[in-house]
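Just below sit the structures, each encoded as structure tokens.
Across the two complexes that follow, chain A remains constant while its partner is chain B and subsequently chain C.
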Partner chain A sequence: MENRPLEYDYTVAKMFMLTTIILGIVGMAIGVFIAFELAFPGLNTVFGEGLAEYTNFSRLRPLHTDAVAFGFTVSGIFATWFYVGQRVLKVSMAESKFLMFIGKLQFWLYVIGVAAVVVSLFMGYTTSKEYAEFEWPIDIAIVVVWVLWGVSIFGLIGIRREKSLYISVWYYIATFLGVAMLYLFNNMEVPTMLATSPAGEGAIGDWMHSVSMYAGTNDALVQWWYGHNAVAFVFTVPIIAMIYYFLPKESGQAIYSYKLSLLSFWGLMFVYLWAGGHHLLFSTVPDWMQTMGSIFSVILILPSWGSAINMLLTMKGEWQQVAASPLIKFMVLASTFYMFSTLEGPIQAIKSVNAIAHFTDWIVGHVHDGTLGWVGFMIIAALYHMAPRVFKRELYSKSLMAAQFWIQTLGIVLYFTSMWIAGITQGMMWRAHDEFGNLAYSFIDTVDVLHPYYALRGTGGLLYLAGFFIFAYNIYKTWTSNKEVDAERLNASPMGA
Partner chain B sequence: MFHWLEKNPFLFAVGVFIVIAFAGLIEIVPNFAEASRPVIGTKPYSTLELAGRQVYIKNSCNACHSQLIRPFKSETDRYGHYSLSGEYAYDRPFLWGSKRTGPDLHRVGNYRTTEWHENHMKDPKSIVPTTIMPGYPWMFTTNADIDTAYAEQLTVAQFFGVPYNKPVPMKDGSTTVVKMGKSIKEARELALEEAKKVAADMKDQDVKDAVARGEIPEIVALIAYLNSLK
Partner chain C sequence: MDLNEFAAYGYFFLVVFLVVGLYSYIYHLYKNRKDATGVDYEHYSNMALHDDIDSTPVKPVSHEKEN
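So, the complex of A and B:
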């Protein structure tokens, strides 16, 4: 028994791979739709005046952000955890009936939670806080799902054979703790049904409704401490966990530097949390906090580039693999976009730049070069690497994968370049004064000028979505129709033409 | 160097938690008492205004409109005096927004009228021909949720001490009292009384008829809220 290699059990990983793809399509499709709504406002009523309440930009915008962040990305995090966790801890999910049950329970509760989120956001139930729009009953469900994931992480660690925790596990642990802390504190709210009127009436009005525990400036402070660090612990930390596992695995190269990974990990943990204040520059939060946010954002370049450089140098001497394998391409470009976006962010956090960039599309562009280029590409690469191993089949098509890579890369480039121009143009027009000291442009002038960039951005998004459909098709064909492989390939994933 | 820590998941997790919690403690906690104090002239929202604020949130108006005027000449020229922390003391949640696809609304009550909002919300293009904002015509036929607004007033009064039915200092040295009903019935009456004043300035006959019947369409509540933003 002990002499046989471990048979890992990927049941739960497969379930989350499915939701990664489905929710990816849903979230990105909504994104493309609302992008075109800004370019062609007629689309707000394209499904009829009667449905306009549910299909206009403002109602759909939180659905887009939440579907890609908590649908696509979080599913990807869970899917990779249930794959990577077993392998780096050298223990199979099949060895513990309890952990298998918890994993499946987590999946089904997650699916129910997602359904509740979709329905409630469509109906207009929202707390208005970005990436924390869900009302209190859903918040409770989310906490339960998260705790179950914690049980999985620490349960698997508890029965591990490999005593030393691999770098990826550090990052998964940090994801778990970070999101737990942020989510709990930002969603402190009082359900309004708890109040009673002087006449003794209780449970008045809508039971779903709640009020934030914090008011005004404090609420903003907590929200952007959360909002910024949700970016840290959903879009950065777990994605680094993935690349630390999948890039060395796929390329057959050892991580370039252990010390650099240590420095980047602890540096990122310490520095990231301070930077939230850069969302509130020139607002009514105290000046010292704004300055701290600005300074720490610049310092954040160090640990961010530490990880990214560690990844790129892992490919040292093996750069021909980038040319040969579209899978390696995805990961190398992902770490490049990570470097790009973690340089752009600190630039925008400098006060004088922020004065122009804040409230404009440049910020939207920044978010998307990070999410499309770094998060999206890394999750896509992870699933491509996992597919032949969990389905025990050859990847369906290498040429489709290469086509997808170039289509999506073009999409990202269109996206961020158009948003740069749009953002800086609008920021400059807002502040322009004429020779008499009056404002040079009315607000609508600064909207009219954006039309071509909005159309380009929508096109970029559409290309990315098209690439994602190719991805879904490629994975589906791998799963259903392709050649079985007997022995698992150690490194480079097997691919059909 | 840290190999011992990587073999001890419990200590590792505790270490990570301390390192990430540190910044939050130092940045957020000290500010709490200071920032939530209202400036003179800031008063709690009435039942109708709060119902309107809920309509604003329900439709994610904050996805495109900020409520934060930064201290730049270009912004004070366009929107009025820059925003002060104490003006947000009764804002739960805050509605600063993060993207200005449309203009800032923090002081929109100073320079737009009920009639302007009525036309604009029904069909924005009738006012600004090249606007990309969609119309919100269903707000004219859907009724506002006054009961939930009342529940929110009760909640903030009971849990956070928001001063309803108490004198609040105004800028001219006088005081004003924002009334809150003692029962659901009284709250509805107060809201309707205020709604009648808003509807008197509106043109839409269906809205006027609805208010006369004792109903409050969402648009009336929303306009009451927008007019209160000064």
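So, the complex of A and C:
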């Protein structure tokens, strides 16, 4: 066997980079389409009455959320893990045939799982639990994929050369454990085929339809413990893992305070799990639990800002890099949006604010400044940083990257400003009443007023999607370029004009 | 004391415990500056900055030392 020097092996990382981009396009395209459906309801039947069952808002909405969360974001998490994990542990996947096999198996099972999700949701199979719509056979497949990822994480840790675990690895481990716990508990379900009626007749149910093992308010509590912590362990924790690696690496700056990163980690772990109750304010869950949800949401500002400020201070004295490199711009704006949405969220969780905000578009705006600004930008930046190293090619175009940055930033601004105005308008109109307590407006009055903001929101989403196509094109051209470069030991990613 | 009251006390003391634990951790980190093995915490940032396959680990696993 020839005696080649050992190198990191990015095979599995590359595979997941591909699904990150493809599922990003799918999820965001559906999102833009349904945003315009809300503004122009005729689009619900634009492909004909016969297909309306598959193209209406309610059928497509879970496909949008699941594709961007469990497709785009989770693929991004896997892709960056198979890149960052090797590097900070200083061990190559090429050193273990077993881990390489597990990684590839995880990828292909994941692809099969995604296909099953897309088909089943389009066909209308759903558990009707938000972000947990998959029916039980798919849940089981997802658990298998997740366990395989765990084998990869702990397998790689087991053969590492670096004894200490870098802070990003802590966050990846927390992602793995957190999602495992949340997913198992919230998806406890029984196929209705097995649940016979009190009268005793059997086989009246369906194998592909299940009911939750929790009833009523308990089900709601478990659901939002899950739902909110899905935001924690899919949209926050692993994204912090990414920024703690990619920002210092790309800028060549050590983390401003490693101690602060450790502290913020434990703070986030302690606090986040208690905040889910804020989704159920003014509902039938016990009052103390609602208050607890509000209080923990406000406390959550501290560890969130601990990480975000740590990232911004990492750029201390190096702000010329932000001006010079669009890649750094993505990451600095990502951490700024992280600060922004982790301030906005606690404000919305305060009971008196929530009385106006709940069920309105302001919540949708909040989710999107977090996901588009923080999650999306960070994953895009991570893939841009990885591309020259995994493809061993110079990044195709710096100016395209800069154009993408500004187009997408404009898209996000249009998105959240329109949703702020729409949401607060909605909230105020729903509550308005005359001196006798009669409601001042009917629901359709609010719909009329909101139309321009819905159109603006769709436009914002369209700009973001356009930027994402530029991203996909830029990565594709990098992949197929002939400008070979060895970026393995560089900090700043090499980019063509 | 019924179950709810018990849970409320339990919850209160859990929160106190977590707050004390976290603040002690802050105090510990900033007072000692170094972990139990004598490595300055800030030094661990180098795990990201020097992450080539042949970079010297910040703290190698022990069997590497023997080689």
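Structural remarks
To be clear about the criterion, the second predicted complex is superposed on the first by the 474 of 497 C-alpha atoms of A that agree within 3 Å, B and C clash if a C-alpha of one lies under 4 Å from a C-alpha of the other, contacts with A are read in each partner's own complex, and residues count from 1 in each chain.
Basically, a contact is a pair of C-beta atoms (placed from the backbone, for glycine too) under 8 Å apart; a residue touches a chain by one contact, two chains touch by 3 or more.
This is a predicted model, so every value here is computed, not measured.
In the superposition on chain A, A:A52 makes contact with chain B only, while chain C stays out of contact range. Of the two partner chains placed by superposition, only chain B is touched by A:D448; chain C is not. Touch criterion met: A:Y245 reaches chain C, while chain B stays clear of it.
In the superposition on chain A, contact of A:W266 is made with both chain B and chain C. Once the two complexes are overlaid on the shared chain, A:K163 sits against chain B and chain C alike. Applying the stated contact rule after C-alpha superposition, one finds that A:I173 touches chain B and leaves chain C untouched. After overlaying the two complexes on the shared chain, residue contacts for A:Y476 are found with neither chain B nor chain C. Chain A is touched at more residues by one of its partners, and among chain B and chain C that partner is B. Contacts of A:H433 after superposition: chain B is touched, whereas chain C is not reached. Using the contact criterion defined above for the overlaid structures, shared-chain residue A:F98 touches neither chain B nor chain C, since it reaches no partner. Looking at chain A, you'll find residues 163-164, 259, 262, 266, 270 touch chain B in one structure and chain C in the other. Note for the complex: chain A touches chain C at residues 5-8, 87-88, 90-92, 160-164, 166-168, 244-245, 248-249, 252, 254-255, 257-259, 262-263, 266-267, 270, 288, 488-489, 491. On chain B, the positions that touch chain A within their shared complex are 1-3, 6-7, 9, 12-13, 16-17, 19-24, 27-28, 31-32, 34-36, 54, 57-64, 66, 68, 70-75, 77-78, 83-103, 128, 130-138, 145, 147-152, 154-156, 158-160, 181-184, 186-187. Interface of chain C with chain A (complex): residues 8, 18, 22, 25-26, 29-30, 33, 39, 41-49, 51-55, 57-62, 64.
By the touch rule above, chain A contacts chain B in their complex via residues 37-38, 41, 44-45, 49, 52-53, 56-59, 61-62, 124-130, 154, 157, 163-165, 170, 173-174, 177-178, 181, 185, 190, 192-199, 201, 204-206, 209, 211-212, 214-223, 225, 259, 262, 266, 269-270, 272-274, 276-277, 279, 282-286, 289, 292, 296, 355, 358-361, 363-364, 430-433, 438-439, 443-444, 447-448.
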